[in-house]
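Chain lettering (A, B, C and D) follows the sequence in which the chains are written, and residue indices restart at 1 in each chain.
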């Protein structure tokens, strides 16, 4: 199929390459002419404007917008919609908030356009491993686009089949690494929760390794201290333990490079998905202590001290005359 | 009554004074001769050794041990027990772990001695406001000591009576500010949970003030920032709001002195009680997310960064090539 | 002053009464004619419509809207604005979301109207104790309305003055129980955080009492069980302890009525403020583990089991063949 | 090598079988004669008593005790020690608390005996996948036992090698699935933290799936509800996503069998390791909000309502006249 790839950053560029390798045609556009030139060198048709891109696409046109979440995505979708013909398809492959998807899909439907949201996991590893995709949209449009997703997805590969998964009943797509999750917004919603879980998993490992590291503390009685080899512990847990995972593989790799992780300051960023997951849970009245605590740990990692901590010190001083402990 | 006060620090000294004002006699002992001298100046009989103190006490002797928790309390109780006569009473007024009380009471009972544990809240304010006491021991001993507790307690004062509290049914002692909580250990257990709650209350205020403070952040859209006067907010909440409390009074006082709390670094200590409360909850399988999070916030306040934070950074770098945000 | 009180429920009716006692005049309107009649009997002028109310008010008219948060408040403010003259003042005394206040104030300002938001704590106790108020609006309007707030507020009463609070420097209003917190929205923002803190305080007590109650559990070794008298414990903590508070007073009263709280099922509701506080903290990147856990505990209280719990059981069965424990 | 396997339950029996397949000899003992008979049928020498077992072992004797944690393990180790010769080795392969290991190792060392603690992950899957082992003991003893661990471990298999792991520098054992973690106790300590992490990972998935499930709730506005296929979501996340893991594999399998998990009540047990991890973190002053919240979620899953919840209801009734919401 012929796809207009709008946005040729690390994600968009590699997706375009994987699609071309899979036999699809790419019309490539980016504000950065160099990015376009590189993709043209790899076999794409280039475009210097959305108008030119439109002219090179089929009808219905398939637009894959792969831009950072936020205003730029919104504006680009608006611009494309302004040039679109009835039946054209706009795919947002970024990290949009799912309520924005719902709103956009309604608005575009009034114009006769189709909107598809694709949440992608796998990050920079996608060109090599394939992209795990969670997709929202109307049924007919998703069916039409199926060959595109099939190419981008990892495929079944050598990951063992899940026991209990019945042939003929279960959707094959999930086993290839993509799902049609539901109507517009459902794709990014599932991806959002994926990231919420990701935060929780990461924090669980982080706390565990913190406890291992802390066991050497000279605050402990001498006969209860252990100097543990975190590098080997991460490695051994990859091998048959209950907590083996891809995040553990990454941890093992980082620790193999430097068991002290000295290059990292530990000021941890968070993106919208973690926060939106908490919001969604609050709308549903679902308790999510772990996912929330994982987000808060990142906030805390980025400040030296909080005003709240000072309040605690002030109260302690007030009722007990306690002075603070030196750090 | 005649009481041997062992340990004349801020707490022990003031308790002795309050007891003397209430008509009791004090035999005062401390390793620090100056502390003894000061109390003698206030009307106590001094002693230069436990032996001398023993000689000046009645039979049964009443010993009130008021020392920092830990080895020194244990050793002092052992030393007193070594000199005690059948029927003597040893009161631990410090912050001992309640399981130590249970153990000690059993051991002393075999010697014919009575053990009483008194958990005290009110800290440095006790001389003026009276001491709120939670007391464990055998019934007969507690009855015998009742006049002592009655003197130390705040009394009913001008605190309004609790609605629904029936005369003649409910124990008057609670309304005077002390309770016989149960057998040995029960006093310190109730005090321990008191401190666990205290941590939670403090952290709730701390987090709320942090959110108020953060509302001025330039990360927020300009039309959604407020520069709030925390000093006045703490004050107004003292006046008819649902969250008025003594801890809020203390907060208001600290903020009235300096709305930025600049003198405090925010490295917050914790004592055994917070941790023991978590332990007790785990033994009972009671979920206590708030009390635990309050304790952990104090741990976190005392370090710049955790190894766990570095783990998060390392994993993010691993799967997304994310570099850390500068602080 | 003359105030149009729109909404004569428990809160609005009592506020109107307190204002009249303080010498103000009330024009009373409610959809429920009986509610109007009752207030007329207490000295108010009645109105059967907003139009009639407008006719009875001075210029600028002062409207106090006291309705449940949500659509009804929005619609009523719109309706009033449609009839308003330049310079009129609309006060929202309900529990609106502060971002709605910011939006409304901007819109009304374009019409030449003034908008004031008042967050109130003290609930059903306000008629007797006075209303603790956190107020947002433009300076001139708040100054104009000052006599109204002064009447509604508790006044300094017999609450001891905060140490360190300097005469002549500090705003007297806070000591009377109300503050001008900032521009429109600031009042409800401060009230919102107040409720967030309230959740945290309540949960801290709840967890502590849970640990006390659980100490009688027959899961514990027999010599480590205590049957504690929760009624007396709540009472004694009111008397000089660090954790005395109004919420503890209420707890003591409830426990004095029934130490088992048998009439309560423990399905705990939450209102918008708790959730909005989490949202605000996330916008500011402030960690609030305690406030969030307090909200989540309420969600959890309202369901028998979560799907998440079943997931845990399923995983345990998967890796260990563990069967669930019977409840 | 020749090993006395004491305790032939699911774990001990299969370990013995794996050892025999690897060329080792087993002297098998269990209180259950049938269990012994089965293992004899598989090639082991049987023993009807510890004495008989001792007689059939070499010198130094190697004892592998594989019993449920607690008193029975302690007693068995004592019994074996009572019959042991200088230089004999006792291995505790169960789930003992690491402080018990430290204590035992000291005591046995005084008798000239060696103590080794082995924490094992992989549960019922070990016979097939091999046992991931974390081992504590003195260096010489661990070296001596290396062939045993090598046989029990999974081996490198087809798990890809960790990038950055340098040949010749890094310990090969970790890549085969076992480590010498440190002195006695270190094995069970690492295994304990492993389980703490496991709780956190499980809870992160559980909460995420809860949010997915809750998105169909009719509490939400109709245009914001999704009926998501949890079975396919779990499957797709196994395929190239950041959150792929063995626990997710198990979840996918359970959901493939029944997307509603109807057979599970969701009353989730916990074993000692989760609690001990919290204890260890508190001793080290390491904040572990996620690991603790994961444990508390299990406690909460096992009760319908908590007394704390009733306290919240009672307070709300007290300050606002709020009645509880029906469930």
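Following the convention adopted for this analysis, a residue touches a chain if its C-beta (ideal position, glycine included) is under 8 Å from a C-beta of that chain, and two chains touch if they have at least 3 such contacts.
All values derive from a computational prediction rather than experimental measurement.
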{"item": "Pair exhibiting more inter-chain C-beta contacts, B-D or A-B", "value": "A-B"}
{"item": "Farthest-lying chain, centroid of Cα atoms versus that of chain C", "value": "D"}
{"item": "Mean-CA-position distance for chain D and chain B (Å)", "value": "39"}
{"item": "Centre-to-centre distance between chain D and chain A (centres being mean Cα positions), rounded to whole Å", "value": "31"}
{"item": "Gap in Å, rounded to a whole number, between the CA centres of chain B and chain A", "value": "47"}
{"item": "Two or more partner chains touched - positions in chain D", "value": "123, 125, 203, 205, 207, 210, 214, 242, 246-247, 253-254, 285-289, 293, 296-297, 300, 302, 306, 308, 319"}
{"item": "Residue ranges of chain A in contact with chain C within the complex", "value": "242, 270, 275, 278-279, 282, 285-289, 292-293, 295-297, 299-300, 302, 306, 308, 319"}
{"item": "Interfacial residue positions of chain B with respect to chain C in the complex", "value": "99, 102, 121-123, 125-126, 129-134, 153-154, 156-157, 159-160, 162-166, 170-171, 173-179, 181-183, 185-186, 189-190, 193-194, 196-201, 203-205, 207-208, 210-212, 214-215, 217, 219-220, 223-224, 226-229, 231-233, 235-249, 252-254, 256-257, 277, 280-281, 283-291, 293-294, 296-297"}
{"item": "In the complex with chain D, residue positions of chain C that touch it", "value": "10, 123-125, 202-203, 205-207, 209-210, 213-214, 246-247, 250-251, 253-255, 261, 264-269, 289, 293, 297-298, 300-322, 324-327"}
